[in-house]
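These notes open a run of structures that come right after.
Across the two complexes that follow, chain A remains constant while its partner is chain B and subsequently chain C.
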Partner chain A sequence: MSVSVTATRRTSGAATALSIVALTEIGSAAFLRQFLLAEDWRVVVGLLGFFAIVLVALQRLPTVEARIEGAFSAQGRFATLLGIAIVLLFPFLLEKSTYALHLLIIAQLYAVLALALNFQLGSANIPNFATGASYGIGAYASALLALNWDVSFWLALPAAAVVATIFGFVLGVPSMRTRDSYLALVTIAFGVVVHQLLNNLEFTGGPNGLVGIPAPELFGHSFASPLVIFGHSLPSQANFYYLSAALVGVSILFAARLHHSRIGLAWNALRADELAARCQGINATWYKVLAFVVDAFLAGFAGTIYAFYVGFISPDNFTFLVSVTIMTMVIAGGMDNTLGVIVGAFLLTMLPEKLRAFSDYRILFFGVTVIAFLMIRPQGIFPQRLRRYGG
Partner chain B sequence: MTEQLVQQLLNWITLGSIYALVAVGFSLLFGVLNIIHFSHGDVSLLAPFLALAAVQTVSASLGGSPAVAAIVLAVLFAVIVTGLLGVVLYYLVIKRFQNAPAMMALVATVALGIVLRELIRHLYPQGSNPHAVPRLVPGSIEVLGVTIPAFNLVAILVSVLSVGLLFYMLERTRLGLHIKAVSQDRDAARLISISPARIFQITFFIASAIGAIGGLFFAGYAGIVRFDFSVDVGLIGFSAAVVGGLGSMPGAIIGSLLIAGLDTLVQATVPNGASYRLVFVFLLVICVLVFRPAGLLGRTIVEKV
Partner chain C sequence: MSAPVILEGSGLTMRFGGLVAMAEVDFTLRKGEILGIIGPNGAGKSTLLNIITGIYVPSSGEVRLSGERLNGQPAHRIVGKGIARTFQSSRLFGDLSVLDNVIIGRHTHMKTGIFDAILRRSKAEAELAEAADIAERLLKAVSRGLYEQRHRPAAELPQADRRRLEIARALASEPKVLLLDEPSSGMDDADTDALMDDIRALCAERPELAMMIIEHDMRLVASLPHRVLVLDYGQKLAEGSYEEVRLIPRVQEAYLGRKATQNAQA
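The block that comes next holds the complex of A and B.
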C-alpha cells in the first residue's frame, strides 16, 4: 500500500518536473522569438521590462528558483533533448526573417566567445582584454588560407583554431609573471598590437580587410544557398545558424567537462587564493597559460565561422571595444555560470540591434546600460553557483 | 643634421611631458583609491572641447579674433571645469566600484569612457568631425641657430611646473600628508580625523585638472581634436603609468618619457613609422612588463601568509 503511494508520488513528482522543464524551455524560446521579431521599440522595451520582472521575481522567490533548478537537475536528459529540439526547430518559427537569423548567428558566436573568456575571467579570475584579438586571428588565418591556398572551410576551421591557440600561448607566457592590472595591460597591449598589425600589414589587406571569402560547402550543398528541409525552404543564413548552434553546443559541453574536471577545480582554486592553491601543489603557471590557450582556441573557431559567414572581414571587427564587449557579457551574465554567460551574450548582442530606433545613440546607450548593470546587479543576471557534490 | 636631432629631441621631450601629465593622474588615482580610472584619458580630452567652446562664446560676444586674455581665461575655465567633472564622475560612478573586484572597476570605467566620448559626439556641435585647435602659443625662438617653436617650450615648461607643484604638494604640505595617509590606510586615516571622502574628492580634482592640461597641450600639439582621440591618449597614459609602476609618480614620468622616446624614434627612423608607432609602443609595454612585472619603479608585491 505505502509502496504504491510513494510510487505514484514519485511519478507525479516526475510529471511536475517534466512540465516545469518543458514550460520553462518553451516559454524562453517563445520569449526569444517575440523579442527577435519585435519591430516596434515599445514592444522591445515592454519585453525587456517583462524579462527584468521575471528576474526580480526569481530573486525574491528563491523557492521557485530552487524548484525550477531541481526540476532541471532531476530531468536533465529530457531538458537537454527538448533544448536540442527547440534549437533545431527555431529557424522554422521565424517567418523566414533573415535579419532575425543573422542576429541569432552573431549572438551565438558571441556566446562562444563569452564562454571562451569565461574560462579565464569567470573560472580563474584572470583578466583578458584580448579575446577580440584571438577572434580576429582566427578569422584572418582562415580567410587567408581560403583566399590564398583554396583551403576548404572544414580544414581552415581547425587550422585557424591552432593558429589562434599558438598566439594565445604566446600571450599566456607573460601571464606567468604579471597579474591583475598589469596583466590586464599586457592583454590590452596585445590586442592593440594585433589590431594595428592587421590594419597596416600588406597581406592582411590593410584597413580594407579581406573580401570575397567563399561560402563553405558540405556534401555538395553550398552554405550560400537556401536550406531546404522536408520541403520547407529556409534562408541561406539557416546553414550558418545550425553551424554556430553546433559550435555553441560543443562549447557548452567543453565548458561543462572542464568545469567538473581537475582543471576546472584548479582554476577555481586559483581564483579563490593563488598562494593557497600553489601550496596545495597546483601548478599555477601551467593552469593560467592553459586558460589563455583554451580561450584562444574557442575564439579561433568563432572567428573562422564569422569570416566565412560574412565573407568580408576588416580590422575594425576586432578592436579593443569588441574585447570589452565580450568581457561585459561575461560579467553581466554571471561569471562562471554557463547559462548566465550565454544569456549575457544574447542580451548584449541583441539589445543594441533592437534599439535601432535610437540608432545614433546606440553606443551611448550601451555604455550607460553597462555601467547601470554593474552598479545594480554586480553579480550578473545568473550569479555564480557553489559546486555541488553528491546528489 | 644637428638641427634635425635637436628637433627630434624637442619633440620627444614635448610629447613625453604631455603624456606624463596624463600618466601622473592614472598613477595618483591608483595610488590613493586603488582603482584604475580607465576613462581618465577621456576626462582629460574633454578640456580642449571645453576650451574651444569657451573661446568661441567669448569671441562671439566680443566680436573679432579672441584676445590673449580670452584664450588664457578659456584654458583656465577648461582646466577647472574638467577637474570638477572628475569629482562629479567620482560621485556618480567610480565611488560605487571602490570596494568591488578590480576588474569590475576597470570594465565600468571603460564603459564610462565610451559614454564620455559619445556625449561629446552628440552634444558638441558637429561632434563627429575633427576640430582645428589653434596653437595656444604662436611664434618661435631661435637658439644656437635652431628654431624652436614657442609652443613646445611652453608645453614643457608648464608640464614641469605642474608636475613639480604636484610633487611639492604631495611631499611638503599638510594636504599631501593627508593624501598619503589615506592611500596607506583609509581606516587609520579616519581615526586621526582625516576624511577619506574629502581626500578622494581632492585627488580626483587634482588628477583631472592635471590631465586637462595634458589634454589641452595634446590637442594643441596635434593642431586638431576629435572625440575619439582620447582612446589613444588614455591607452598611452595608462601604459606609461603601468610601465613606470602604478602608484609611483616618478615612475609615471619615466614611463611617459620612455614611450614618447620610442614613439618619436620610430616615427623618425622606421619607414612608414607613423602607422606602426602603436605596434612598437605596445610591444615595448609587453616587454617591460615581462621583465619587470610590477613596472620599472613599482614595488613588487610580496604576499605574506
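The block that comes next holds the complex of A and C.
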C-alpha cells in the first residue's frame, strides 16, 4: 500500500519535473522567436521589460528558482534532448527571415567566444583582452588555407584551431610573468599587435582583408545554397545556423566537462586564492596557460566559421573592441555560469541590432552595461552555482 | 623520542635585500612528533614555514624531507612530496563549497588532464567521485558539524570551522608533515580547547604524522608540543621542552622585555 503511494508520488513528481522543463524551454524559445521577429522598438523594449520582470521575480522567489533547477537536474537527459530538438526546429519557426537567422549565427558565434573567455575570466579570473585576436587568428588562418591551398572548410576548421591554440600558448607563457592589471595590459598589447600585423602584412591582404572565401560544402551540398529539409526550404543562412549551433554544443560540452573535473576545480582555486592554491599542489603557471590554450582553441573554431560564413574578413572585424564586447557578455551574463554566459552573448549581440536607434552608441552601451552590472549585480544575470556531487 | 627524523633544516638563512629575516636556523622534526615554534612577532616563524613549503627560496641552507633536498622546488611540487600547511589568516577558497575545498586538497592525488576531462568523461568523473568520497569521510572524521555543512560556501563558516576546514584540506593531500600556522588565532578559549582536542585526536589517528605548530597561545604551547623551538629576530634562541625553555632568561626577555624579566626574577 505505502509502496504504491510512494511510487505514484514519484511518477507524479517526475511528471511535474518533465512539464516544468518543457515549459521553461519552450517558453524561452518562444520568447527568443518573438524577440528576433519584433520590428517595432516598443515591442522590443516591452519584451526586455518582461525578461527583466521574470528575472527579478525568480530572484525574489528562490523556492521557484530552486524548483526549476531541481527539475532540470532530475530530468537532465530530457532537458538536453528537448533543447536539441528546439534548436533543430527553430529555423522553421522564423518565417524564412534571413535577418533573424543572421542574428542567431552571430549570437551563437559570440556565445562560443564568451564561453571560451569564461574559462579564463570566469573560472580562473584571468583578464584576457585577446580573445578577439584569437578569433581573428582562427579566421585568417582558415581563410588563407582555403584561398592559397584550396583546403576545404572541414580541414581548415581544425587546422585554424590548432594555429590559434599555438598563438594562445605563445601569449599565455609570457603573460605568466605578470598578473592582474599588468596581465590585462599584456593581453591588450597582444591584441593590438595582432591587429597591426593583419593590417600591415602583405599576405593577409592588409587593410582590405581577404575576399572570396568559398562557402563550405558537405556531401555535394553547398552552404551558399538554400537548405531543403523534407520539402521545406530554409534560407542558406540555415546551414551556418546549424554549424554554429553545433559549435555552441561542443563548447557547452567542453565547459561542463572541464568545470566538473580536477581542472575546473584548480581554476576556481586559483581564482579564489592563488597562494593557497599553489600550496594544495596546483601548478599555477600550467593551469593558467591551459586556460589561455582552451580559450584560443574555441575562439579559433568560431573564427573559421565566421570567415566562411561572411566570405570576407578584414582586420577591423577583430579589433580590441571585439574582445571588450566578449568580456562584457561574460560579466553581464554571469561569470562561471554556462547558461548565463550564453544568455549574455545573445542579449548583447541582439540588443544593439534590435534597437537600431542606438546602434551608433554601441560602445557606450557596452560600457554602461559593464559599469551597471559591476555596480548593481557583479555576479551577472545568472550567478555561478556550487558544484553538486552525485548522491 | 627516537623515531627517525623526517624533516630537517640546516643553516637556513633568508635575506630580503639588506634585511636578514632568518639567520642560520637549524631544526629537526621526527616522525609522530609535534614541534612548537614560538617567538615574538616578526621573529621569523612564518618565514620558516614559507621556506619549508617552497614559497620562499632560502638564501642559503637547506631543507630535507626524508633526506631529499627540497629547497629550490616550487611550492606545488613540495605538497606532492608530503608537506601540507594551513595559513595564519585562513585562506580558504571562499566561493567554493566546503566539500570542494577538501577535494582541491586532493589535487596531487588526482591525474585527470585536459584530454581525459574532455574525451574520457567517465574516467574523469570516477576519479572526482572517488575524491569526493574520500573528502566526505575526512570531513566526517574532522568534525561532524563541518560535514553537515559540506554543501555551503566556505566563506559562510564561523571562524572555528574555517580553521578545521583548513586542517581537513591540508590532510586531504595525505601529508607526512603538517604545518599549522597559528591555528588558534582569532579563537576564544572554548574554541582553542576544541582545537586542541581536534589536534590530539588527529595525532591518535595518525601516529606517523609529524607536525609543526606556530603558536602564541601559551596554553596550547604548554600542552601539545613535545618540543619547542624559540625564534627571535630570525635566530634560534632556544630549543627543548616547554618547561625547560620557559625558564631561560633570554626567552623571557624576548617575550616580556628585559625590565619585566628582571622584575619578575627579583
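One rule holds for everything that comes next: the second predicted complex is superposed on the first by the 375 of 391 C-alpha atoms of A that agree within 3 Å, B and C clash if a C-alpha of one lies under 4 Å from a C-alpha of the other, contacts with A are read in each partner's own complex, and residues count from 1 in each chain.
Simple rule for what comes next: contacts are C-beta pairs under 8 Å (C-beta built on N, C-alpha and C of every residue); 3 or more make two chains touch, one makes a residue touch a chain.
Fair warning: this is a prediction, and the values are worked out from it, not measured in the lab.
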* Label the relationship between chain B and chain C on chain A in the superposed model as either fit or clash. => fit
* With the two structures laid over each other on chain A, which partner does A:15 touch: chain B (first), chain C (second), both, or neither? -> neither
* Asked: In the superposed arrangement, does A:178 touch chain B (first), chain C (second), both or neither?
  -> first
* Please work out whether A:261 is in contact with chain B alone, chain C alone, both, or neither, and reply first, second, both or neither. => second
* So, does A:275 touch the first partner chain B, the second partner chain C, both, or neither? -> both
* Asked: With the two structures laid over each other on chain A, which partner does A:366 touch: chain B (first), chain C (second), both, or neither?
  -> first
* Answer with first, second, both or neither: which of chain B and chain C does A:290 touch in the superposed model? => second
* Asked: Which partner does A:229 contact after superposing on A: first (chain B), second (chain C), both, neither?
  -> neither
* Could you tell me if A:386 is touching chain B, chain C, both of them or neither one (first, second, both, neither)? => second
* Determine, under the contact definition given at the top, whether A:85 touches first (chain B), second (chain C), both, or neither. => neither
* Closest pair of CA atoms, one in chain B and one in chain C, after superposing: how far apart in Å? -> 6
* Structure fact -> Shared chain A footprint, chain B vs chain C, residue numbers 275
* **Interfacial residue positions of chain B with respect to chain A in the complex** => 30, 36, 93, 96-97, 100-104, 106-108, 110-112, 114-115, 118-119, 122, 231, 235, 238-239, 242, 246, 272, 275-276, 278-279, 282-283, 285-286, 289-290, 293-295, 303, 305
* Structure fact -> Seen from chain A, its contact residues with chain C in the complex are 253-254, 257-258, 260-266, 268-269, 271-273, 275-284, 290, 294, 384, 386-390
* Asked: Which of the residues in chain C end up touching chain A in this complex?
  -> 53, 55, 74-77, 79-80, 84-85, 87, 91-97, 99-100, 103-105, 107-108, 110-114, 116-118, 121, 124-125, 127-129, 131-132, 151, 153, 169, 173
* Any idea which chain A residues touch chain B in the complex? -> 121, 125, 127, 173-174, 177-182, 184-186, 188-190, 192-193, 196-197, 199-200, 275, 320-321, 324, 327-328, 331, 360-361, 363-364, 366-368, 370-371, 374-375, 378
